[in-house]
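The chains carry the letters A, B, C and D, assigned in the order they are written, with residues numbered from 1 in each.
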């Protein structure tokens, strides 16, 4: 069982129109090699599922993106990104950040969605089913399953076990769970047994492809 | 901020009639000191929330338990326990084990319950609300909040950060989240900073009392 | 001659592909790991929070914090991991486990399984059985074909309380290996000196004659 | 004389009890940690997955994997922990966070808060604001009392899209500290040389005259 793949080979599983989750919060835990390689593939109509839109300007301006599902597309300063999104006719779907994370986990956990009080009485409740549980109303937000997840880890092994550092965990864990195919880039690829069973942030069962550090990518490419 | 308490003092927060979650799967991660101290308090009408009933024979025979919420009360051999449960008129509520764990997590996460396919078409669907999400039916199981959780850890610090070993994590994590008050017994109580931020299985925010190893209990007791 | 329990486990082990993650229940399924060829990497998951569990070797000392779902002492192989119960059942319900191998009291033609109690009134425990049977990608049942009194455990409709509906993919019994497609059952193999007619007599629903060997 | 931003942050810091876990939003709230007395143990949570974050010291080198929710480089104190986003929001929604300190565009008499965008048509992001405002045990708002054009941000009903309803417990503004009980607002303190009449003029809903100082 060896999940190590060259980056181009791993990205072959992404087809036009797919829903692609991308981990990271700001630059922390962002799979930069995978996204920059994805930009070169010329895919179309991708639905990007990521907390923030700021790092997808390349994909957006090249017309690769039809929709972005996120919680915080960009801060106030990103005027070029804002214009790019409008120009490219990209649809934006916003979810509160906790709902966004939990909907990913829900999909990966075989559950039917998330019942939350967050958004009750606001625009986030529009079009949502309200479910009353023991006298309290909750919004029902359906699970957010994705075709492919692109995530980042500090360390990986060939079975796809991942270990992360600092605030780089963020959405990477729930996205690995939610995806039909999870591609993880890692700063370091270790031998089996070098990731402690007590320090494994994402068990290999949730990971399908492991892409090594940038320096080793070219020679490994298939 | 110091959450270390003597075991008797910590257990003062348990009142008659309370819902008390107890961690552990078999003996792994079972808070033995806390349960054996609880037996001596003479509480009544407790609702025990624990995966298994086998370790509560003392509480049951002394009449302390009115109900047990669990997934697997006992194996085939526990005839004395079986008889004790019937004799004491203890009500048993069974949940599939994954639903049991997820309902605890749901309560601790401020969510409205669990939507699961598990139990559809079986007796576990009886009396449950069915919610249709995008064409698929799910059972709605309400969150399982508890008054107090008694859990076990390998290591703790005075802020309640916990680190666990092997298969001892089990329900201890979700129960810590689900409880209004969580009391953790630990084999070892360390200084702040000795539990790595990357190796903290239960952040101290979920823990209210830390009870040290048995040998130090008497002198610390308040 | 019918297959013995060890032989059933051996047949199952032979059919598990390299790289699969497998959850095993109590009974015959617990015998499966020892028949996995050593060069094949198969990971065993136990719902109490371990991926990559292995038998405790003869020199291993039992650790009370290291047990499987049957509460027997175990060890972990390099590359394994520990996790808490809600994540464990995310794996199981979420379809991340390639295969579940369980025992059964009864199996229906439509793939329903009853494997947790015989009587509505009996006190018993469901444990993780319903989650495993509902959630895994493939569910194989290891069981004896008939009860001690000779009645078939494979029947048109189960009489015992159900664990999950429409989930059984294969049955590995002492008499045969059967595979289900909707309500159609095929024989993949029969035990030595057991013929299709004998399997049919011992089975409470029709079996196709197509592709048996 | 109205309080400056630093003074608002200082007033908030003075009111946070030892042992509280606090989530802080962008703007004035980010100034609060530096005013916590060093002997007081207050833990700051950031929704991107850290409990116990502290400012990166002058000698600290920024680590790209160590940022706060405002994407500024931070460090972690001994006794802190890292976790993934769904657990982070379990803490937030589940009522485990003692206090959230956020900025606001508008606050209503009933405690509704609007703090994520001014216009239905504007492209903006909610981030974790709705979760924090709905989930924490106590929600304190740090804000200027009026807009640049002199209109009150404290009004009978918010005009901007809401973040959460009925959640604001206190407002720390440049003019006063106000506390809400249902639709009743009390003044806890006013800034130096600011009197109750001035606070009332600057506020779009009634303020009780009872217990101001």
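The criterion applied here is as follows: a residue touches a chain if its C-beta (ideal position, glycine included) is under 8 Å from a C-beta of that chain, and two chains touch if they have at least 3 such contacts.
Treat the numbers as computed from the prediction; the structure is a model and nothing was measured.
Visitor: Which chain pair is joined by more contacting C-beta pairs, B-C or B-D?
Guide: B-C
Visitor: Which integer distance in Å separates the CA centroid of chain B from that of chain D?
Guide: Chain centroid spacing, chain B to chain D, equals 34 Å.
Visitor: Chain B to chain C: how many Å between their CA centres?
Guide: Here chain B and chain C have centroids separated by 29 Å.
Visitor: With centres defined as the mean C-alpha position, give me the chain A-chain B separation in Å.
Guide: Roughly 33 Å separates the two chain centres.
Visitor: Counting only Cα atoms for the centres, state how far chain C is from chain D in Å.
Guide: Chain centres of chain C and chain D, defined by C-alpha means, are spaced 54 Å apart.
Visitor: Hey, what residues on chain A touch two or more of the other chains?
Guide: Residues 102, 105, 109-111, 116-117, 165, 198 of chain A touch two or more partner chains.
Visitor: Which positions in chain C are in touch with at least two other chains?
Guide: Each of 50, 76, 82-83, 89, 92-93, 135 in chain C touches at least two other chains.
Visitor: Chain pairs in touch?
Guide: The complete list of chain pairs in contact reads A-B, A-C, A-D, B-C, B-D.
Visitor: In the complex formed with chain B, which residues of chain D make contact?
Guide: 18-19, 21, 41, 43, 45, 50-52, 76, 78-83, 89-97, 135
Visitor: Tell me, which parts of chain A touch chain C in their complex?
Guide: Residue list for chain A touching chain C: 1, 105, 107-111, 157, 159, 161, 177, 192-193, 195, 197-198, 200, 203-206.
Visitor: Please give the residue numbers of chain C that touch chain B in the complex, ascending.
Guide: 46-50, 63-69, 71, 76, 82-86, 88-89, 92-93, 112, 120, 123-131, 134-135, 161-166
Visitor: Spell out the part of chain B that touches chain C in their complex, as residue ranges.
Guide: 25-29, 52, 70-75, 82, 85-86, 92, 94-99, 101-102, 104-105, 116-124, 154, 164-174, 201
Visitor: Quick one: which bits of chain B touch chain A in the complex? Just the residue numbers, please.
Guide: Per the touch definition, chain B meets chain A at residues 102, 106, 109-117, 131, 133-134, 136, 138, 140, 142-143, 165, 198-199.
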